[in-house]
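Below you'll find a set of structures to go through.
First subunit A sits with subunit B, and in the next complex the same chain sits with subunit C.
The block that comes next holds the complex of A and B.
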């Protein structure tokens, strides 16, 4: 058993060393490169068709993945920009049971001190979060009540930039911001009176009248329907919270800093606070993005398998019509390895030319779509997913990497059969061949 | 078999290796297309069926403006005359009146805003699967007044269990405050996460009492024999119910425009990729036929010199291309159809994170396939169409050849 395994391993090592040597030899063989490159262009029309097929396939697949990822990317952006921020600080236990029982009693002061010292932080803001009911003279709806410090919140989330009527929270006391969708349901407009009720920290029902200061509309229909903003101090008073808050929401200078920032903040705050990045706060969103990354590889693999047949076909034809020529090369001393190398190189060149053309075409497509694709006809369905009406394609590193990797593998595999066929030809037979 | 067909068929097999590779590419594309189209069809049909059976029914009847606003202000009166109209309507399998209100539900210090649906304990199970979704305890019944069934995440968030007493606060139809105590009789699992956080069911009688709603209902959900029968049922109900009160009768696709749009976008994304796949295969066919024509320049010249009409040469090349694609298509369908039919009988249950992600979209975590007749028919038309397009240039090239030049070549 052990002996056999050792033998197999030794064989593999030998094989590996052998192929490394072969590759090295081919890589150094300038003449082989020149001949292969010239062969690619010997039948311009045939090469043209294959290159076009590869280019169209790549450009089509990459662009459609970029458009779809643009949608996914927007889902993430929307979630971060409307609510999540990059990092949030809660009292321990809040994530499992997001109620008033789990609160930052110091009003987030400890977190605030730490946040002010961290260089990656662009802005932070305290919030109170509670579930409640909003009542208008005509109707009522269940809501998520969020109490904010208007100026600080504006530096983090997009609500202040998403006003469609009235004004953002400022100046006057006892004002609320509600979504356009919620306003339609309640039949209220700017200046209307509404009553916001919720259970306060002692478990008593608390209600207070507010006037609608303004209406907002974001890319998230869910948010527009359910989230109501009031000023922090008024929210704390309504819920009898004193100066306690539910969370601190943080915007990092760069989204990539979120993990570092959260780790550093977690270290400084110790066990009194639960610091989480947006990835931890919205695991399903992250999963969705990851799933999309995996899907990209499957899509590219499918497109390239379809291409592989065409590539193999062209190479096979090229090899057959050159039977005599290859015979001549062999009889003047070219060995089988070099013939394999030659045909494989042809395959790789063919695919690389197709790749280059494909990415050029992709670039053109991205340029034409730079202003985004207007999908307002399907806006409702998109908004329900947290995607806005205009989608801008987003190219990820994987969209460049995956085609290059899959294409190279395809080129090597598709070239293999024709290459071996060519190397097997006996010079004498080949020369007899017309 | 005509001359063109014989020539074409023989030509196809003159280079078996080349033909084999091209056919293999076609088979690959056909299998992928049929498989993925069936997967999407299964997914979408399940989404519709789930949504219809979860909540909306195939057709809903409500007061004018209800579907835009969903408040107590819009209603239909369900009196004996209206009941008779529903019972007598053609294609109606079952119907159930409901009252929908919003309120604040609290247990000690915890409170959540909820949608409260008042349902008829006898009629509702005939239309929707709400009653089957109860995990613990029981569904609402007329024997236990002031009973409430909570969605599971709502129950978790409130820390409520069967037997607990909750306080419901809202606004009645008369615009007065409405509040009362309800006892949790059951906990149900709703696949839609958002709904699972904020949804509760009480009995129709309690809802009418709580919201001071008399014999009104927010809507009447109707189950038709199937989704396709919905428009007919809706039309029938519209004509019978049109009378004193203005009513709005809607089919499922208009009740859930978001779902219809989502399905459209999902389809669009999938077809985009399948089209690319088919185009790539099309180029493969083009190359094969082009090479076949170019290497036969002399032979085709002889045919033309012997008096074969250019149109006949054109047809030979065309038939060659269609035959090539046709063989690939047939083999592809022979492989794909049993494969899809097998998956149709064996749905794949999703687990872990993938299951959680599908639940986010309000779906049960199961992948199903559905082979609609349009799927293989559409695939056939597409592949043959692509083959026809691919053959055009080589066929023109072959037919245009001048015998004298052709004979001189090679």
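The block that comes next holds the complex of A and C.
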């Protein structure tokens, strides 16, 4: 047992010393670089095959990763832009029981004061949130009623920019905004009368007639079907809330600031309020994003494993075919380290050429897709996920780095084994090889 | 003292349980500056013996000494070092590095030896002129005739200033006129530089040119004659 360990250690030490000598040879002998580089171009067809395989593999994987991530990115953005914001403030207990019992009785004034002082805050707005029912002369539907301050809300969510008919909540009293999808279902249009009813803060049923001011359509079909907006004061009146609100929604200057902002706000507001980031507010979304990410990496890994085998196979052949030539080089005085250095350089050059081609192809793909991919044909399904008709690929540094690392390591490993074998055999045996 | 010496050298190949004795007890000593031919029918063991003498293979039995050093005692790194500095090889199939030009092939050895760039240039120019290929310096092997490639191989073998040049049937792929010219070139280099040459052949016309003739048969030395 101890002897075995010692043998393994000695082997590792030998391997380490050998690798150091290989790198020294590569660093010292410029001739190795010249021969290796020219060897890359020697068998045009083989180089073509490897380079194409690497290029297509990388461009395919990186682009599909970018598109998938673009989709996920958009899902998150949609959720944030239509409803979540980056951070929300509620009364303690709201998260477990999101009803009118848990409200900010001061109308969010304390939170507002704190928010106005925080530099990371881009905008904030108070909301009342309740579930209710909307009724038209022809139909009715369960809804999420959200009462907003139109101007403030417009700085946070996209509803004001998503109007497809009529107008955003303007000066007129007793107006509602509903989604296009809901309007279709209720058979109403701009100007139609609807009745919104809900249970008020005392537990009594309350109802009020409104006119449809406008119809919106967002990337989220779910929202378009269920969310109805009214003015804050009218919502408060309907629900007998006085000046109380359900939540403050906050938009940070940068999405990455959300956690810091929430922490700072939480410190300032103490136990009076429950401050949460979008991640905490939408755990399902986060879970979905993570899952998507993992799935993408599995696909990525599969592509790379396939690519690695391809590269390895070609490199093995390339070295094997040249056994005799390696024998010649050894007979005129190249030592094992130099032979391994040469073959390693050759493999790495080959893969680098492939990578260059791959990134050129990726760049071309990104350029062609710069205006996004139009998915309107499948958009119905995607809208349900909160993804719009057009997806813009998003490239992350890791997506670029991963193929470089994988391909280079593959090249090293795939080139190394036959090189070491070639450097170990008696030169005479290699010379006899045809 | 002999520059390269084989003592009781045997080489037995084993392929699928069948043993072939390719070299069967050879004693051979090359003196400095000798120009020796190793001849005999195909399969008599010429290539095997040259490989053993050139540190490209290990004898099954017996020893080979180069410049007084027992090759059997040396590490593979030390053997590579000896091949680089003390031995030159010429092969039947020329075996130039195909991606390098004539000059680069010649300079390759010197680069491995660590000769400074300026010296390399001067020496490769001189040797290419000597073998009559000054004009072909920037051509790659595939752009040259067989005779030209073999002359580059000769230049490559000698440019590193080895003690011994070993050539395994260097003229076998050449027509008789070119073969004769190549031999004359090797003889000339041998006279000028004093490098010891040992080459194998089965071409009678080429055998004529050597000053020492060693005949090999079935892995044994049958005859060893020196010209007076």
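In the analysis below, the second predicted complex is superposed on the first by the 385 of 434 C-alpha atoms of A that agree within 3 Å, B and C clash if a C-alpha of one lies under 4 Å from a C-alpha of the other, contacts with A are read in each partner's own complex, and residues count from 1 in each chain.
One rule holds for everything that comes next: contacts are C-beta pairs under 8 Å (C-beta built on N, C-alpha and C of every residue); 3 or more make two chains touch, one makes a residue touch a chain.
Quick caveat, the model's predicted, so the values are computed rather than measured.
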item: Partner chain(s) touched by A:294 [first = subunit B, second = subunit C, both, neither]; value: neither
item: Subunit B versus subunit C as contact partner of A:52, first or second or both or neither; value: first
item: Most subunit A residues touched (candidates subunit B, subunit C); value: B
item: Subunit B versus subunit C as contact partner of A:64, first or second or both or neither; value: first
item: Which of subunit B and subunit C A:427 touches, first, second, both or neither; value: second
item: Partner chain in contact with A:334 - subunit B first, subunit C second, else both or neither; value: second
item: Which of subunit B and subunit C A:233 touches, first, second, both or neither; value: neither
item: Partner chain in contact with A:20 - subunit B first, subunit C second, else both or neither; value: neither
item: Overlapping contact positions on subunit A, where the subunit C interface meets the subunit B interface; value: none
item: Complex contact set, residues of subunit A against subunit B; value: 45-46, 49-50, 52-53, 56-57, 60-61, 64, 68, 97-101, 130-133, 135, 137-144, 184-185, 187, 197-199, 201-203, 205, 222, 226, 283-284, 287-288, 291, 299, 302-303, 305-307, 309-310, 312-314, 316-317, 375, 378, 380-382, 384-385
item: Residue ranges of subunit C in contact with subunit A within the complex; value: 48, 51, 54, 56-58, 76-77, 80-81, 83-85, 87-89, 91, 95, 97-100, 104, 107-109, 111-113, 156-157, 160
item: Of all residues in subunit A, those that touch subunit C in their complex; value: 29-31, 34-35, 38-39, 42, 324-325, 328-336, 338, 426-429, 431
item: Touch list for subunit B against partner subunit A, complex; value: 17-18, 21-22, 24-25, 28-29, 32, 68-73, 101-104, 106, 108-115, 157, 159, 167, 169-171, 175, 194, 198, 257-262, 264-265, 269, 272-273, 275-277, 279-281, 283-284, 286-288, 290-291, 294, 353-354, 356-357, 360
